[in-house]
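Remarks on the structure that follows.
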C-alpha cells in the first residue's frame, strides 16, 4: 500500500518535471524523488528489514536528495541562471508527450512478467516510466544542467527497478553504483562550471562546433 | 599476481597526483607501463589464480584483451613523455583552428588520469562478475573524461561533455541490463551469482525473456561505449579533440574492453540457447556501424576524425564477426588485436603530423615523406595496415571474417563487408596518399614563418631534425608507432603458437572455433 | 421513486445552506461572527421581490439565459443519485448527458455575459470559457474512470457501486479521482484559488464579473443555479469520499449529508488558508487535474 503510493508519487514527480520551467524547481523535484526512493527501499523490504537495507536507504537518500541537489543548486547559483532554456517541445507539449509515454510504460511493464511480483505490479512500469522521462529530458532539453537532471531521473528509474526487484544483490554493488553516480555527477558538475565559464551560458544547443 | 595488476596502476595513479616534479612523474608513468607489461607477460607464462572469491580472474578472452590494453598503454606511455615535454607546460597557447588562446590542463591530473584509466581497463578485462565490470566501465568513463579535456578550449569541452553524457546514459542502460540479468538468474527461485562461470553452468535455469532483455540493454549500453552506430556520435568528437595518445588509448584499448562486456553476456546467452537471437542483433548493429562509418569516411576532411570513424567501422566488423559465429569469432578476436595495434599506431602518427603541420585538415597537409620521413613512412604503413592489406595481420583477420560469411552462404553480408572495406580503402587512400606525397606545402605555418619563408631547406636539412622533421617531434614520439608497426607486420607474417592457441581457446569459449 | 423525489427536494432546499456553511467556516477562521445561517435564503428572497432592469444593448438572449441555466442545473440534479439511492432519471450513458447539462449551464452564462456588450463581462466570459475547456475534460474523464472502475454506465449505477471495498482494492485510483474532482469543484464553482467570490475588484474576477448586469429575479436564478451546482459537484465528491452503499436508508442519508457538509467545510478551510492564485497559473492547475485523472484511468486499465 505504501509502496504503491510512493510509486504513484514518483509518476507525478516525473510529470511535474516536464511541466516546470524553473531550474530550482527541477532540483527540488529530483531531490524529492531521492527521498521517495529512500522510502521505497524501506517500504519494499519492510517485512525483512536488515541493516544492509537501512544503510542502502540512508545512503541513497543522502546522496540523491541532499548531496547532489546541493551541488546542482550551487551550480545554478554561481552560473546565475534561474529559468530553464526553452525546450524543443514547449512545456505543454512535453506534458502531453509525458502523458503519452505513460501508457507505453504501463503496457510494457505489465507484459514483462516478474518472477516474484511486488507492489501490485507497479514497480516495472513506473521505473520504466522514470527512465523514459529521463531520456526525454536529456534529449529534449538544451541545458547542460537539465541534461544532468534527466540523467539523474534515468538513474532514479533504474534504482527503483533494482531496489524493488533484486532482493539478494550484494550491498556493496549497490553502494558502488551510488558512488559511481555521485562521481559522474561530480565530473559533470565540474564540466558544467567550465561550460559556463567558457560560454557564459549552459545552453548545449550552442555547443555545436563539432559536427560532420 | 592479479592483485598486482590492479594495485600497480592505482597506486601509481594516486601517486602521480602528488608528485611535483614533471620528470619524475613521466618516469613513473613509463615505469608503471613497463611494470604492467611485465606482469602481463608473467601471466602468459603462468596463469594466475582468481582472487576476491572469483570476481577477478584471467580467462583466455580476458588475457587477450588485457594484453592488448597493456601493449597499447606501453606505447602511449612512452609517447606521452615526448608529448608532455612539448605540451606539458601550462602556458597559454594559440589554438590552430580558431586562433583562440587556451592552456592545457595540469600535467599531474593528465598523468594520474592515464594511470587510473589503465587500472579501470585492467579490471574490466579481468572481471568475471557483471557488477564489477559495470563499475569498472563507469570508472573508466570518469577517469578518461579529464584526458579528453586536456586542451582547455571549448571544442574539447564540447567533446568531453558529449562523451560523458552519452556514455553515462549508455552505462545507465547497461546497469538496467545487469538488473535484468539478475532477474533472469533468480527467476526459478535459486539465486545464481552473477559471475560468468556459475551463469554458464546454470544457463538452462535462466529465464529466457529477462535474459533477452538483459542482452539487449547490455548491447545498447556497452555498445554506446564501444562506438556501435547509432550511438557512436561521441566517438569522432572525443577522438579528434583529445591529445593523440588519448585517442590511441580510447580506440586501441577502451573500445575493446567495452566489447569484452558484450562478449561476456553473449557467452551466457549462447549457453542459454539464445545464440541466434544475440547473433542476429550483433550482426545488425555491426552492419549498421560499418555502413555509417563508411559514409562518413568517404567525405571526411579531418584526418583524426577519419581515423575515429574507422574505429566505428572496425568495431562494427568485430560485432559482425561474433554475430557470424564459428570461425568468425576467431577472426573477430584476432582482428581486435590487429585493429588495436594499427589504430594506436595511426593515432600516434597523427599526433606527430598534428604537431608538425598544426592542422587537422587533410587537404592542408602535404609531403610528410619529404619533410619528416620517420613520420611519413609509418603514416603510409598505417594506411595499408588499417585497410587490411597483406602482409599485415589485419588482412588475415578480415579475410577470416569474410570467409565465414561466404561459408555460411550469406552473400549479402559478405558483399556488404567487401563493399564497405573497398570504399573505406578509397577514402583512406585518397587522403593519406595525398598527405604523404608531394612537395612540402608552402602553406604550412612553419614554412611560412618569416625567417624560413625564403628557403624551406634549412628545416629538413638541419642535422637533428633531418628525419624527425621538426624539433617538436622527438624519438619518444616516433619510436612507439614504429614498434607497433613492426609488431603488426610480424603478426601478419607469423602468428606465434602461444598467441594462436590463446585465440583459439578464447574463440572456443565464445562458441566459435 | 418517492425516495429519489425526496432527495431531489432536499437538494433544492438545502443547497443554499452549503454556501452558508462555507461562509461560516471562513468566518470562524477569520474570528468573525459571520452572517446568519439563513442569509443566502434571505438574499434570494430579496432578489425575487425586486424587478429586473435590462440594458438597452441586450437582446432576448440575456433574458432567457438565467432561466435556461437554472433549468439545466435542475435537470442535471435529476440525474444525480444521492445517498446510495438511484436518481429520478437513470439510463446507461447518462453521465454524458449530465456533463452536457453542466456545459449548457455554462454556455447560457457565457452567452448572457457576451450579450451585454460590456467589455468587462466579455473578459469574464472568455476566462470562463478557457477554464471550462480545461475543467470539462477532467470531469468527463473522472466520470469515465468511475464507470470503468465499477463497470457501470449510469451515474445511478456507478456512484452507489463505490464501497469501502473499492477503497481497499483501488485506493490510488480513488484518491487521484478525489483530487481531480476537488480541483474541478473549485474551478467550476468559482472558488479560491480559481476565483474569489468576495473580491471587490471586477478585473480579477471570473464568475462574478459575468453577472454584473443581471438584477432582480434573473440574478436570483443565477445565484440559485450556482448553489445547485455546488450541491451537484459536491455530491459527486461525497459519493467517493463517504461510500454509503451497504448501509440502510436512514443512516445512509445521514452519512451522505455529513459528506456534503464535510465538502462545504473543506471548501471553507481551503479558502481560509489559500490566496487566490494568479490568473495565468490557473490553466496549469486545471491541466494537473486532467493529468491526475488520466493517470488514474491508466492505472485502472490493469
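Every chain is named by a letter (A, B and C) in the order it is written, and numbering of its residues begins at 1.
Convention: contacts are C-beta pairs under 8 Å (C-beta built on N, C-alpha and C of every residue); 3 or more make two chains touch, one makes a residue touch a chain.
In this text, all values refer to a predicted model and were calculated from it rather than measured experimentally.
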What is the identifier of the chain with the smallest separation between its Cα mean and the overall Cα mean? A
Please identify the chain with the largest separation between its CA centroid and the CA centroid of chain B. C
Distance-wise, how many Å sit between the C-alpha centres of chain B and chain C, to the nearest whole number? 68
Distance from the mean Cα position of chain C to that of chain A, given in whole angstrom: 38
Cα-centroid distance, chain A relative to chain B, in whole angstrom: 32
Contact footprint of chain A on chain B as seen in their complex: 131, 134-135, 138-139, 141-142, 145-146, 149, 152-155, 157-162, 164-165, 168-169, 172, 175-176, 179, 182-183, 186-189, 191, 207, 209-210, 213, 236-237, 240-241, 296, 299-300, 305
Sort out for me which residues of chain A touch chain C in the complex. 1, 4-5, 8, 11-12, 15, 19, 92, 95, 99, 102-103, 106, 110, 121
What residues on chain C touch chain A, complex-wise? 171-172, 176, 284, 287-288, 291-292, 294-295, 298-299, 301-302
The residues of chain A that touch chain B in their complex are 112-115, 131, 135, 138, 144, 147, 151, 154-155, 158, 161-162, 165-170, 173, 176-177, 180, 183-184, 187-188, 191, 194-195, 198-199, 204, 207-210, 212
